[in-house]
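Both complexes shown next keep chain A, but they swap its partner, so chain B is in the first and chain C is in the second.
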Partner chain A sequence: MLWILFYSFGYKPDLYHSIATDRLSLGQYKLAASNTFFQTFMGTLRISLTGTALCFLIGFPFAYWLSVRVPPSRRPIFLALILIPFWTNFLVRTIGWRILLAPSGIFAGVLHFLGLHSTALEVLDTRGAVQLGVVYNYLPLMILPLYVALDRLDPGLREASKDLGAGRVRTLFKVTIPLVSPGIIAGLLLVFIPLSGDFITATVLGGAKGNMAGRMIYDQFLIAQNWALGSAMAVVLILLIAAVVLFFGSIAIIGRHIIRYRRRVELAIAL
Partner chain B sequence: MKEAPKITRILASEEFTHRFSRRTILLGSAVGVISGGLLLAGCSTSKSPKAGELSSAAPKPSPIESKLNMYNWAQYDDPNLVTAFTSAFGPAVQIDVYSSNEEMIAKLSAAKGTSGYDLVIPSGTYIPQMIKNGLLEKFDKTQLPNLAKVELALLGRSWDPTNDYSICKDWGTTGYMYDTKVIKRPMLTWQDFIDAAQHEASGKVSVLDSPPEVAAIYFWAKGFYWATEVQAELDAAEKFLVNDFASHIKAFDSYPGIKLAQGGYALSELWNGDARQGLLASKNPERYKWVLPTPRTELWMDNWAIAAGAKNPVAAHAWINFILDPVNAFTDMQYTGYNTGSMGNEEKAKTAKLEYLDLIFFTPAQIATMDTGEINSAQSRLVEMYSKTKAKAG
Partner chain C sequence: MRDWVRPLFGMWAIAVFLFLFAPIVAIVVFSFNSGRSLEIWDGAGLSAYVSFLSNGVLHSAIRTSIYAAIGSAIIATLFGSLAGIVLARRPGKWQIFFVALLALVLVTPEIVSAIALLIWDVRLGESWSFFTNGLIRLWIGHSLFSTAVVTLIIRARMSGIDESLEEAAADLYAPPFRRFRQVTLPLMFPAVLAGLLLSFSLSLDDTIISTFVSVAGSTPWPVYVFSAVRTVLRPEIAAVSTVMFLLTLFAVGVVALVLRQSGSNARNITKTLTGEYGGNNRA
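On to the complex of A and B.
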């Protein structure tokens, strides 16, 4: 980490050396934050925020269903169905989507058969393909902590809530979600942080249109061999991720305080 | 003998097997090995060499080491040749792959002679500086009698006039291929490439994933020298690529041939061998057209060289001599689709009725339009504009 920080102030002396630090400057940051590259950082955040949100919207109902509705004896089967693809090599899993999404691939065939889409499928090498890829790749990281949290939740609490007159929705928002919030936070962080730095999905599915910051950093280190610029980009990415986490973290904390404060007021009035 | 390649076709779709070859980005290793035999399946006349067929002109140097470590572009030599070499001479061959000259050079210069690699395959333009930086070992030419079998025109190139450090592995050029259903106008020049990319083929264009060759599209179209160091020309290229060209690019792809021939792109900048593979794999090849664009284009040459501090120099020499043997050179040419530059390749290819010979062999008039370029002060600028173009395209 410290090396990356140190290198980011260096420069690339010539083709045969990847880094020199005898002269330190902020020049690489200026370049990394310039309009052209910043556009990619913003695109990355858009993909990772949307991806995290989609993972949550798919992962939460699934984890809830798995831990509440599915009888315990059958749960291992569903967990295995999630985990086994997850054990497969990341790259191979992602390449699999290229085959599925190919212009004349399986999806194109199904859509054509259903009469939904008649021309060649043009999903590959777009932002959409990357979005789909990251949701698929990171979904297990969302489901597992949510499942663990929901599984440990005493079903009696939901029943008590029901007995006390709360409807399903109210039970969900007032009882279940607050109690599993550590699992939710873990899931969101586990998905958002690695997803923001992902470069494989963007490389395999994104073409030129679905570029992500991780890919850009990879290029600087391994193709351009410009470690200084790559390091500066990595630091910018870390700062952006930290900023997003802090932003949503503080919203959550402030939100919780407001809710508590209002509850206290309600209680005081009721008393 | 033909069974293995057929099996590999089932294991990996053709599009993928080719994404992991020369100069590809990702770790070609596992997938690369699986897809190894693909080209063999494509060439009906290909034949795996047997040890007994090896030229008797190659004296067996001794004592030969038991290992040979090659640092090579992925899928760049026929695996059957590697097996034949081991059974004839003994050394077990270990191949690691790199995806760019820069990557290979960085590894060699960081290791300072202790990289553990015996053989590397740098592109010609990188060789002078590699020699200057002490990254390469001098050949012992007495161990390389087959140097005499290489076409004279390929010897003594500017980067190594006496071939003391390097010898041609194969060479090729850069052009483009397009889908005639999308682009109906006649296409001849690099300016045509740019016009079509900005109009009817917009959003369906791929360019090579290589900094100099992205900028070169502009330089070639304008008739500038593609290794120019003139500041104004570099500025103009950056302005053009970032502002007027990036948004039309669908992918930076060094192996677009097969994908193009399956409808994935309408217009692709590519190397001749890749174009040929695309046409060979296509169901209706007449729909796609290869262009060797005017006014100027590239001539690249990859070269066998021995890494400084090589631990198995005898085995390294034995391999180079083995692969320069005309029979083996011809086999390797069929595998990669690039001319290995062995005397008699063209006649043999005609006799063997290989397809698309115009994509392997070029006329003297065509060769006269090709420049090898050079590595100079503009290199880092080219990389920077490539990175910007990539960011802008996304």
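On to the complex of A and C.
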């Protein structure tokens, strides 16, 4: 991985060579931070943050349902049903969306039938399609750790909370979510990190409009054959991912301290 | 109160399942599309399967995939098993470092590992032609990730088995190798088999690393499909996808069965199949 860092200071010598490192400079970083590339990085960040949030919002109620409402004897069947899409080839699943979202495809037909949309569907090859695709592709990675965490939770704790007079919402926020927070963190990381580097979804569904950082790196390495720029982009991507993880991580830690502190104060006042 | 929440959860679950299965069903259905373009339905027929059966390039792509999967599964299982035993049985002060290293391998965005591998392959290929061989590149690339997964599976299994069994064998004068073959290996065998099949299907499905490291002449099937995405998608892509989907499903099904036979519960099976072990199995 250090080679990536080293190469990122190099340059592309001529048409027939992909890398040279006899002169080292920050030039590739300047290029990677230039306007068009910068916009793609920001677009990637937006897609991956929105995607992670959506995965959580869709996945949490589902994992809750699976671990709380479904009787234990039937859980393996539903788990297997989650694992099937998870183990289906990533690329194949994404191509499936091309069929569904085609201008006069199944999705367009359904919308037309419901009277919601009448002209040909123009979702394919846009940022919207990429957003949908990544939520779809990474949803199982969110559901599984959430399920494992929720499944481990003793149902007695929730019942105790209700017995002590806490409502449904209060129990969820004061008991369930704090206790499964390791699972939530694992899910968020498992979705956010690979999603940020994804280039397949963007290539299959994004067309010209839905570009992502992963695809830029892919293009620089395998099409433009400019390894120095590609390496610089990869370094920027890693730093961006690390920055986001650290940012939200520190917010979470500070938030927890504030809550604890306030609780202590409340307790002191009550006493 | 309970009455209106319950159906709401059920409906949500049905919606999630529909969402998850819609594109897979679409692929399977459209593999029977007899038209020329994948996305436009043009009557049902088996022409896609016929053209898949007569497409030599696609055959060699699948052959490459299978060779790559077998090779990398063997490498990953060998190294992963040994590393897993060491981590479970002789956890020295470096244990945290090694587990962190494994976690790092698992959380690195795959594209970053892929370009790092490409750079290494090309640099080493300048001196040793060994690294310009497409199949060897795929073996190395694929076994990297799977070794980490296998290590964690074996470690989890071995920490669940009491070491006194091996000590008893030693007390009964079994020499080290015999002790390993007759006591340790049978005990960890379900985990070894699960690891082997998991790394097999991980390799069979890998697209990102394969795209970067593969060389012309030995392209695995996802790379073939990926290049088709960039040019034109034909129904035979759906046909090969359906066949490979069934193959992967079969391998994963065998893993689940083996794990169940060995007495793991649903939670552990999930954890194994998702490779989600990130060092938190002590909790």
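Here is the rule we use: the second predicted complex is superposed on the first by the 271 of 271 C-alpha atoms of A that agree within 3 Å, B and C clash if a C-alpha of one lies under 4 Å from a C-alpha of the other, contacts with A are read in each partner's own complex, and residues count from 1 in each chain.
By definition in this document, a contact is a pair of C-beta atoms (placed from the backbone, for glycine too) under 8 Å apart; a residue touches a chain by one contact, two chains touch by 3 or more.
These numbers come from a predicted model, not from an experiment.
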| item | value |
| --- | --- |
| Partner chain in contact with A:L222 - chain B first, chain C second, else both or neither | both |
| Touched partner set for A:G206, first chain B, second chain C, both or neither | first |
| Touched partner set for A:F86, first chain B, second chain C, both or neither | second |
| Contacts of A:L150 with chain B and chain C, given as first, second, both or neither | neither |
| Which superposed partner A:R98 touches (first chain B, second chain C, both, neither) | both |
| Which of chain B and chain C A:V180 touches, first, second, both or neither | neither |
| Dominant contact partner of chain A by residue count, chain C or chain B | C |
| First (chain B), second (chain C), both or neither touched by A:P76 | second |
| Chain A positions touched by chain B in one structure and by chain C in the second | 91, 95, 98-99, 102, 104, 200, 203-204, 222 |
| Residues of chain A that touch chain B when the two form their complex | 12, 14-18, 31, 36-37, 39-40, 43, 91, 95, 98-99, 102-104, 120, 124-125, 200, 203-204, 206-212, 216, 219-220, 222-226, 229 |
| Footprint of chain A on chain C - complex, ascending | 1, 5-6, 9-10, 12-13, 16-17, 19-27, 30, 38-40, 107-112, 115-116, 118-120, 123, 201, 205, 207-208, 211-212, 222, 225-226, 229-230, 233, 237-238, 241, 244-245, 248-249, 252, 256, 266-267, 269-271, 273-274, 276, 278, 280, 283 |
| Complex contact set, residues of chain B against chain A | 13, 15-16, 25-27, 31, 99-100, 102-103, 105-106, 109-110, 129, 133, 209, 211, 242, 246, 249-253, 262-264, 375, 379-380, 383-384, 386-388, 390-394 |
| Chain C-facing residues of chain A, complex | 1, 3-4, 7, 58, 61-62, 64-66, 69, 75-76, 78-100, 102, 104-106, 136, 139-141, 143-145, 147-148, 151-152, 168, 182, 186, 189-190, 193-194, 196-200, 203-204, 214, 217-218, 221-222, 227, 230-231, 234, 237-238, 241 |
